[in-house]
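The next part holds the structures, each set out as structure tokens.
In the two assemblies presented below, chain A is common to both, partnered first by chain B and then by chain C.
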Partner chain A sequence: MAPQTRKAAIVGGNRIPFARSNGAYARASNQDMLTATLDGLVARFGLQGQQVGEVAAGAVLKHARDFNLTRESVLGSRLSAATPAYDVQQACGTGLEAAVLVANKIALGQLESGIAGGVDTTSDAPMALNEDMRRVLLAVNNAKTLQQRLSALAGIRPGQLVPEVPRNAEPRTGLAMGDHAAITAAEWEIGREEQDELTVRSHHNLAAAYDRGFFDDLVTPFLGLTRDQNLRPDTSVEKLAKLKPVFGQGEGATMTAGNSTPLTDGASAVLLASDEWAAEHDLPVLAHLVDAQTAAVDYVHGGEGLLMAPAYAVPVLLARNGLTLQDFDFYEVHEAFASTVLATLKAWESPEYCKEKLGLDAPLGSIDRAKLNVHGSSLAAGHPFAATGGRIVATLAKTLHEAGPGKRGLISICAAGGQGVVAILES
Partner chain B sequence: MSDWYRDFANSGLGTTITKQLGLPRPAELRRYEPGQPLLPGPAVVGSAGEGRLREEVTGLLRDAGVTVVSPVAADGSTDGERLAAVLLDATGLTGPADLAAAHDFLAPALKRLRPSGRVLVLADPPAETSSPAQAAARQALEGLVRSLAKELRSGSTANLVHVPLGAEASLASPLRFFLSGRSAYVDGQVLAVTTADLPTGEDVDRPLAGKVAVVTGAARGIGAAIARVLARDGAHVVAVDVPAAGEQLAEVANEVGGTAVALDITGADAGPRLAAQLVARHGGVDVVVHNAGITRDKLLVNMDAARWNSVMAVNLQAQLDITQALLDTEGALKPGARVVSVSSQSGIAGNRGQTNYAASKAGVIGMVRSWAPEFAERGATINAVAPGFIVTEMTATMPLGTREVGSRLNSLQQGGLPVDVAETIAWLAQPGSAGVNGQVVRVCGQSLLGA
Partner chain C sequence: MTRTVLDAPPAMPALFARAALTARGRGGDLPDTRLARVGVEVDPAHLADYARVCRFPLADSLPVTYPHLLAFPLQVALMTDRAFPLALPGLVHVRNRIEQLAPIGTGSALDVEVWAERFATHRSGATVDLVASVRSGGDEVWRGRSTYLARGASAPEGAPEADVEVPVGEVERVSARWRVPDDAGRRYAKVSGDVNPIHLSGLTAKAFGFKRAIAHGMWVKARGLAALSGRLPDAVSVDVGFRKPLFLPSTVALATSPVDGGWDWAVRGEKSGVEHVVGVVRPV
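What follows is the complex of A and B.
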């Protein structure tokens, strides 16, 4: 056993450009995208044929055949086949959770190196047999005689031919995630214009980062796509103002297809290691993963918003590390919806909320918006659920590295099921 | 990519038809494979005048496992096999009269030359004598070798190496190159060697073992071939290309066990960025191949500034800037570094519609020649290769007629392959090629253009 823990280093990352649903990656499977992403990482860091300690990755929307998705992707990649792998799934928190898992094993001395990743496709999505049809076919399969089989097959009705398609909805409420976010937006009185402004900043920041070559060593093109398909460098508040609301009801509806993330396909991966392993391989250390925290809220009966869990996780993390919300040089708050980011920031500013819901003596306060999502986030890049964490970890690590040693960044990611994953990185 | 006409000309019916009609008969060229013997048959070494290299050359050949046979009698009679190489030591020339000995040696020997045979003539540089008669005789060899290269058939080549007094040891690496399959598409060329500190104990099968090589424009075509050949010869390849080509670049890097670096080499900080990464990740670089290049063809009168500027930026300015950044960055260029720049036949001969491209490629030659003395002082070298008609994805899109004619306008009557360019670059990158500096080696099958 290692007597002391150490901080895991983030060496670098790789992702494929994110594509809009049924866009450039319409025919690519999760395994195709994750394998390509791993191969891009291998090429960047010269890891051909090498054994990495472990690969942890996952997808939110998985086919039944993807039961061992990450290991199968490793076997198809240029990594050594002796690299173990396992699947992780925590909805939109998958990518960051995978990074935390790998980092913790490195911290404990159980691993010297590891890759954390995530992938999702909403185009090549799994479809399941209608539940009634599935029961009939199971009965046919279990039948022992021809007569039993025929009688089982006689149970088929036309309505059973309709497949079950995955929906972006909460199983316990039947509401789409956007509908949940709209409720929160209304509660916090988040205006249309501030949402559109945040969206425009996301697009402009991402485009500027691409233009200055920031993503040259973070992104590898795939299937002819060289930049995120959702990116609109020339968008503006005026253009976004023309969009009709798609979530929420009536006069107060503010959430549009512009200030909500679209369904997206893509994959990302992050290389983590001990400082020693990085030095032995002549690889850089961009930043260290300092600490992480998860939280969950009762959005079904508890009167809390579906995507508000990070609001709870952050103060716990800050307290444990003796930090205030203002002690950061950069903030990466995942833009599931512009309103989610704004509601979370508002919650931390609210004395009542911080006292009653978070049990704090004083509010966490506000942050310098100029430090928020400085290289763009999900509104511009898109959000292939499990791939977002890897995108953010690698982007923030490089951002901190560029800013110099001793810089600190906060990651906040909300997830379906009322969950949240947050983490601190330091250069 | 297959050469359908070459395959046809070498088929049973094709042989008859092409012979009767007097059509070109391109041969299957002997190309290098690791572990291959230097020559597939014996060699003969002759001399014109009292030369100083015959023993040296015979020794080099024997060390490489080549059987050296006696010169062929005037009537062509010999007991041995047909010859794989004919070498002439012409360092003893004193005046034109001595050239008759060259004829007397070569004529019967060439009749016994095998397909893909090699003729290599070694001489003193014409400029290094005060005697006009001696200079004339030495210069005459260029006419002899270039004409001979045009007369040879069946994939055979003839080349000339100038060896000044004192630079004899530098001959070993060019000698091996010109005799081997590595030089399959290098024909009718004149190369000069100089004195240099030469390493000992080089592994001829993996001459670049332990070396780090950076190749720009490595995602496809000739650049990818260069990456493969350098890796085959033992180098760790840092493959560079524009970010948009990242997918193919990663494939090439993974194939050769190298490292992919997505970088726009025309960016303001490209040189320092690359230099910093080479130092941090690889402890510096041994071999730099400036291969990245673009074409934006138009007649000069119709060419806009964007076409002119982009070609200059990628093909010439980036080579200057990156080389300068590597020279300026402490520890970036390792001792004995090799820089090889890809020029072009267009840069020598000119090409209609390519004023921008030809200017940039000619500029590369000027750059290499200007930097050569400084590199020599560092124990390093800088050279250029100028490809002729090389069969790539780009030529595959040319109209059939243009492509067929273009590919036959050379002594080997066929287009070269990307690997031919790559082999020449890999040879210049070898530690043993220290005595080859400031040279422009054409890989063009002795093209009729700009010859």
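What follows is the complex of A and C.
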């Protein structure tokens, strides 16, 4: 075992442009997209035929046949077939969690290099057999005699032909994620206009980053797409103001299809390594993954918002690293919904919340909004659940690298199930 | 030489019907004719269908065998023309060679040209090569050569000897088992347009002397290459020999062996060991 730990380097990343659901990638499977993304990373860093220490990636919406999705993607890619791989799933935190897992193994000296990634499709989504039908067919399969089989088959009803379609809803509450977010938005009194302003900034920042070529070495075109399909460079607060709310009820409803992320298809991957491995391979080090933290909240019975867990994870991470919320040059707060970002920031500013919920003597305080999601985030790019972490890690690492050595960035990602994953990167 | 540019791919069912009706009374040498299409764009939905049937990943470049689908209807049109000396029914695809000189992007506009050449003498008849050349932006990116055997036919005086032997080495190590279902021919017919009745059902196959429907050779070739996804050179030649028919349904074994930066491979009956397809993949 290594006598001491080291910080894992982020060498670079690759993703395919994110497509709107049933858009450009309507026919692509998770495996197609993850394989293409890995191959793009391989091409970018000259890894053809090479063995990487490990590949960790995952998908949130996964077919049963894709139980070994990441390994299967590696086998179909140009990486050496001797590269081990495993699947990770932590809802929207999957991509960042995968990066943390790979970084930790590098930190411990168990790996010299690794790839973290994620992929999701809402177009080629799995459908399950109707639960009643599934039970009938299991009984048929287990039947030993013709008579048993026939009697089991007699249990079939026409209504059982309707399959179970995956829904973006919490199993325990039956509420869509947007419904949950709308409750939090109302509790924190997040206004429509500030949500729309944040959304416009996301689109404008992402468009500007594309225009100046920032994504040239982070994105590889796929199936005819060269930019994220959801990106609206010319959107404005006036245009967004025309949209009708889709989540929340009555007068107080503020969340629209504009200031909520759309269903999206896409994949991302990040190459991590020890500094030595990067140097041996003549590859750059954009930044290091310094530390990470997860948290979870009881959104079912505990009165906390579904997407508020990052609010809890960040103070723990800051304390362990002797930092304040203001000690960062860039913040990447995943825009599940514009209201989620704003509620989280407001929570950190609230003395009551920080004292009562987070157990802090003083609030974390506010952040300089000019440092927030400077190259756009999920509202503009879209959010293929498991692919978002890889998008953010690579984008922030490059942002820090461009800003020069010694710069620090904070990543905060909320996830279904009331969870959150946060991390610190440093150039 | 006459070169005809077609605006659209010819309708294959009509061509197969015409081929059956005009089978008699053919002869002479190969026509000096070329058929072409220019600026062909790949339909993404069709590409996705093809990829699923052959198990290729959906990626940003075309599967090595995909351009054959663009050339094949033109080749059938050439073969069903009255000037073609051999009758299409009864022609057996015995060898297929592809050279991909560079990966072909799915968004490329492709110029496709086909012709027939190398009328050759074979111990049990005559062979002819249907050739295809595919260009992108003026550069040739893909070449295909399908060798067909016409049993009992004779090549013109002075014709060369047929060239049907694929130089494949020993391939013993089984790397995959495929259960090929009885609708494999219908599924491939749907995406390839190759509606030759011998592939479609037992009944239609019997009418042409086969005991059951048989798999398309080009499907077996494609599936073999799909199994090597991620392990093929960008510039690659794939030479495949079609040996014994693969009757549907069947369980077959794919054997592969790395050779000279490429692969030798074979598809055989899992139990019978009957050799259906052998292949040689090499970097070019």
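In the analysis below, the second predicted complex is superposed on the first by the 427 of 427 C-alpha atoms of A that agree within 3 Å, B and C clash if a C-alpha of one lies under 4 Å from a C-alpha of the other, contacts with A are read in each partner's own complex, and residues count from 1 in each chain.
Just so it is clear, a residue touches a chain if its C-beta (ideal position, glycine included) is under 8 Å from a C-beta of that chain, and two chains touch if they have at least 3 such contacts.
All values reported here derive from a predicted model rather than from experimental measurement.
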So, A:75: does it touch chain B (first), chain C (second), both, or neither?
second
Quick one: is A:44 in contact with chain B, with chain C, with both, or with neither? Answer first, second, both or neither.
first
Just chain B (first), just chain C (second), both, or neither: which does A:188 touch?
neither
Kindly classify A:222 by the partners it touches after superposition: chain B alone (first), chain C alone (second), both, or neither?
both
Tell me which partner A:213 touches in the superposition: chain B (first), chain C (second), both or neither.
first
Touching partner for A:32 - first (chain B), second (chain C), both, neither:
second
Which partner chains sit in contact with A:299 here, chain B, chain C, both or neither? Use first/second/both/neither.
neither
Greater residue coverage of chain A in the superposed arrangement, chain B or chain C:
B
Residue by residue on chain A, keep only those touching chain B in one complex and chain C in the other, then list them.
36, 39, 78, 220-223
Where on chain C does chain A make contact in their complex?
44-45, 48, 57-60, 106-107, 229-231
Looking at the complex, which residues from chain A come into contact with chain B?
36, 39-40, 42-46, 48-49, 78, 213, 215-217, 219-223, 226, 282-284
Over in the complex, which chain A residues touch chain C? Could you list them?
27-29, 31-32, 35-36, 39, 75-79, 81, 220-224
The answer for chain B against chain A in the complex is residues 236, 243-247, 249-251, 253-254, 257-264, 267, 280-283
